[in-house]
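Dropping the structures in below, format is structure tokens.
Paired with chain B in one complex and with chain C in the other, chain A is shared by the two complexes that follow.
Up next, the complex of A and B:
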């Protein structure tokens, strides 16, 4: 066991990430076996199922990437789901009702995400509010603002074949999962930022010991705020991939997705205590979350089971994190 | 001294990769104060944790009042009369003294808590200890010393027969320590067995009857306090003689330029109109009792806490330090007394800590230049003789002395000319202390650095400083050249209240 753990490749990827990849395979086998048994006449093993699961993995993945930065600093952001929905709803409304050009609408979506990131970051870093409270408040704002903007109408982005529908190619183009490629590219950028730049170094150090970093003459406020801004921006990006997959968004929703994104992070080895974060883990976590929801639906259960499972996963993952820390001490 | 009440024999305890305790013996008698001494990492705490059931022993026996015992948690040990008074106080500040003492076993009247009874019982305990504390007072309103008395009262209330004091005097003033010793003597008179863990040699001589010494997880021996000298004990602890020679004259040239000048600094109650000068190549000692405002003064200078008024001059020109960023840019480094909280990032590597203060100089394009920062970290690990398998080692795996060297490394990498050492050797074992002293001397002599050293250890002040500033209750009460310093003079100034 120790030998495997000390292998160079294993260490680079991280032992628990390898375990998680095993979990993905196991889940896939399990759903493939159980689906025809529980839901006669159906199958889990199909291209459509994989694409469908990936659709879910994209927006969860982008949000998980973003919140990884915030959790790395020792904070939390519960607003990302509603922020994603607010971005999608408002930019979609701009597109369909005001006929604003599509590229501009995409930019609007990103800016709305970024704006919420700035809001959260300002109050956490510069006004010393607990991130928990700050993001709760901005979650409410995000939920409300989408509804206010659209007068509580559902917004449907243009479907494939219509004008202004090229944004869907970001998700899938000629049966190629372009969304997955983009997610991986963004993940690589995130990993570089987190592990190879000053910003990432400072964020992780702030998560471990903020006061020591401040007393080292580092402008901790600035870097902490940046983490929330990245998180917000990625929620704005997630919005595009959400509508790219599903086209329809309702204002006032989205809070269940926070927990799934956070669950993906924590599962992947990002510590809720801060200072320790894994980008690869967040992506693998997002895939597990997506696979589970696909499997649950395929087996004929309602999505409510997914909520129960997500809750349990968070409990297990955080407990495991705390236990491993205790052992180290 | 009475009969033996507690015997630990052949105690073994291993952790993955470390043999923490190796066949350790310990014997405590009724009505004695037994000092347990050893360098940090000698195994004192581990032994006490085995005794009180926090750790399970691998081998050996514990005999208590004639029967063999094994405790699985501190509660069991407590119920049996073995209690520990921790260094960090475990008190709830918003509760009253009595509520704290009886927490978890409150007296009840029907379904309700009987506060009157708790106050009465607490009062009885205090009377037994000759302490004057109001059981109804809110805990957070008490001084640290009084809080500790409450902790002791709490221990007694468990019908304790063996009490372990784990570095009880670390946070106390001289007067409070005297008070503590009176209480310990009272407990001794009541035939309790007392284990007293401390690094302060003078206290050991004052309060203890016997001294048991541990080194590297093993039992070295036991001495009768009255029959041994300080050097005997230190010899047993480190296996070598340490001379603590005081400095007799300043090593700074009389015409050395002033690098830092602070004038009329004010920052709250703890810093009132403080002025001083630091010369190039000088070690300026800040002496005083706990709570004299020394840390607060230097934190204000460094910009860690806001100041109300006062001017700071660096090499003759006035500078405005609003926050630590400004101070670090000006070449001032602060080494906190609480390294783990304010000095290092424990979960990060030596390299990452080394470049924390000036990471912008280790960036190529947008990327951190890992090779360059590892190189500089390696250079300082070697120069400072930091004991570590490599520069990728996490700082949390280093000992206190080596962690301190990492903080020094951080400021040297940033090329700081002025270093503020706040209790430079607190929590660092005797051998490593020596190295820190040598390092500080080298920094002023060879590297042209200037050092401000806050210290509560008289020997440290006498040994290291070229000049000594004494503070008391937020004010500077005196300034002495090392040639004229005596312990009595410092003590006199340190207690000079208006």
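Up next, the complex of A and C:
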């Protein structure tokens, strides 16, 4: 094992990431074998299944990218799921009830996400509230606002064939998974911001040693808040990809997606203590989460099993992170 | 070693250090040896103070040496994928840490830089005692002493050994590496053992992230 770990190629890519790619391959093989056995007449090996898993990976991926910035600063955002739903519900309601033009509705969705990011960032960075408490509170606010705005009505975005359905091309166009291309592009931008810009360095260093960053003359509050704003904005983007894939959104939901996005991020190698983040890892983590969700459904299990699985993923990801740190120590 | 020299490098507060510098009568005493005036050494100490504490853009009071130490620790993660551009960043950081400036003054310049870097590393180690540095699990819990010591030693190992080795820049980092290791071992009784453990972790394929 040590020989493998010390191999130049393995060192260059990262052992952790290679393990995760191995997990994706193993899961795919496992579901391909188990699905026909447990759910007769169904197969997992199909283009549709891959596209369906990718649909799920897009919005989880965007949220995981966002939460990576927050976790890098040593904080956490438990509101991303409900914020994503609130953005999708409110902008969708504006589109369908008030006939606001679609591009403007997309902007509204992004602005709602950004507003929640500012709210979280302000209270964490400037009012020194624990990120855990702040994001829990804003999670409730997001759920409430979505319900109040739409009077608890389910919102359905325009389906294929409608004049206003071009937003769906963001997810899939002529069987090309455009969503995956956009997710990769956004991931590259996030990686550049996080690892190659001063702002990213500030965020990582805040997570590593906030006091040293403050003493060196950096405005830690500003950069910490920026991390939450990026997270909020990416939740707004995730909302567009969610409706692009599923069209229908219910107000007051979305909390289960928090765990999946955080699990994807931690599985990918982002440290829960802050100061260390992996954008590529977050994307691979999101694909694993999506693959497991698709596999559960393909095997004929209900959504309740999916919740159990989400909980287990979080437990496994967090335990693995703690164990690996303990082993290193 | 003069009293000035001891006081100046023991102090981590920028203003107090400035006062010590201003109060020192350099026309009669060499800060390094207590002998007759030697202008270059004095100039370098002043230059390093300026480089460290004054933001060249805004003129604001900062601690750029502390920042560069942090930045170099963070560069460790990047060094694996983007070696060339990270080498460029590391060179920039070393320049900001006064390595090029000190080279102009020869052996004496190296000694003055070493002392200044020891001072900056000491301040870094002080910041590691802060509450925020002890946080783990999204800030929900705090790490205990052994885990904390290992986190600090990991930072120092990266700064002194990990980054220079990964970037093939051990020669350029020599003064900083020595200052970081020496200061860490002065502050932590088991410093050497901790750094050795980090080294072993590296050779066994851990400590890679």
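FYI, the second predicted complex is superposed on the first by the 318 of 329 C-alpha atoms of A that agree within 3 Å, B and C clash if a C-alpha of one lies under 4 Å from a C-alpha of the other, contacts with A are read in each partner's own complex, and residues count from 1 in each chain.
By our rule, a residue touches a chain if its C-beta (ideal position, glycine included) is under 8 Å from a C-beta of that chain, and two chains touch if they have at least 3 such contacts.
Predicted model only: the values in this text are computed from it and were never measured.
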{"item": "Three-chain arrangement built on chain A, chain B and chain C clash or fit", "value": "clash"}
{"item": "Partner chain(s) touched by A:74 [first = chain B, second = chain C, both, neither]", "value": "second"}
{"item": "Which superposed partner A:132 touches (first chain B, second chain C, both, neither)", "value": "second"}
{"item": "Winner by number of chain A residues touched, once chain B and chain C are compared", "value": "C"}
{"item": "Contacts of A:9 with chain B and chain C, given as first, second, both or neither", "value": "neither"}
{"item": "Which superposed partner A:37 touches (first chain B, second chain C, both, neither)", "value": "neither"}
{"item": "Chain B versus chain C as contact partner of A:269, first or second or both or neither", "value": "second"}
{"item": "Touched partner set for A:209, first chain B, second chain C, both or neither", "value": "both"}
{"item": "Which of chain B and chain C A:197 touches, first, second, both or neither", "value": "first"}
{"item": "Contacts of A:219 with chain B and chain C, given as first, second, both or neither", "value": "first"}
{"item": "Clashing chain B stretch [against chain C; choices 5-13, 149-157, 311-319 or 401-409]", "value": "401-409"}
{"item": "Touching both chain C and chain B, counted on chain A across the two superposed complexes", "value": "196, 201, 204-205, 208-209, 211-213, 215-218, 275-276"}
{"item": "Chain C residues within the chain A interface of the complex", "value": "55, 60-64, 66-67, 69-71, 73-74, 77-78, 80-82, 85, 123-124, 127-128, 130, 132-133, 135-140, 143, 146-147, 150, 155, 201, 203-209"}
{"item": "Complex interface listing, chain A residues touching chain C", "value": "1-2, 4-6, 11-12, 14-16, 71, 74-76, 130-132, 195-196, 201, 204-205, 208-213, 215-218, 269, 271-276, 278, 318, 322, 325, 327-329"}
{"item": "Interfacial residue positions of chain B with respect to chain A in the complex", "value": "302, 304, 324-325, 327-329, 334, 336, 341-348, 352, 356-357, 359-360, 363, 366-368, 410, 414"}
{"item": "Chain A residues touching chain B - in the complex, by the definition given at the top", "value": "192, 196-198, 201-202, 204-205, 208-209, 211-219, 275-276"}
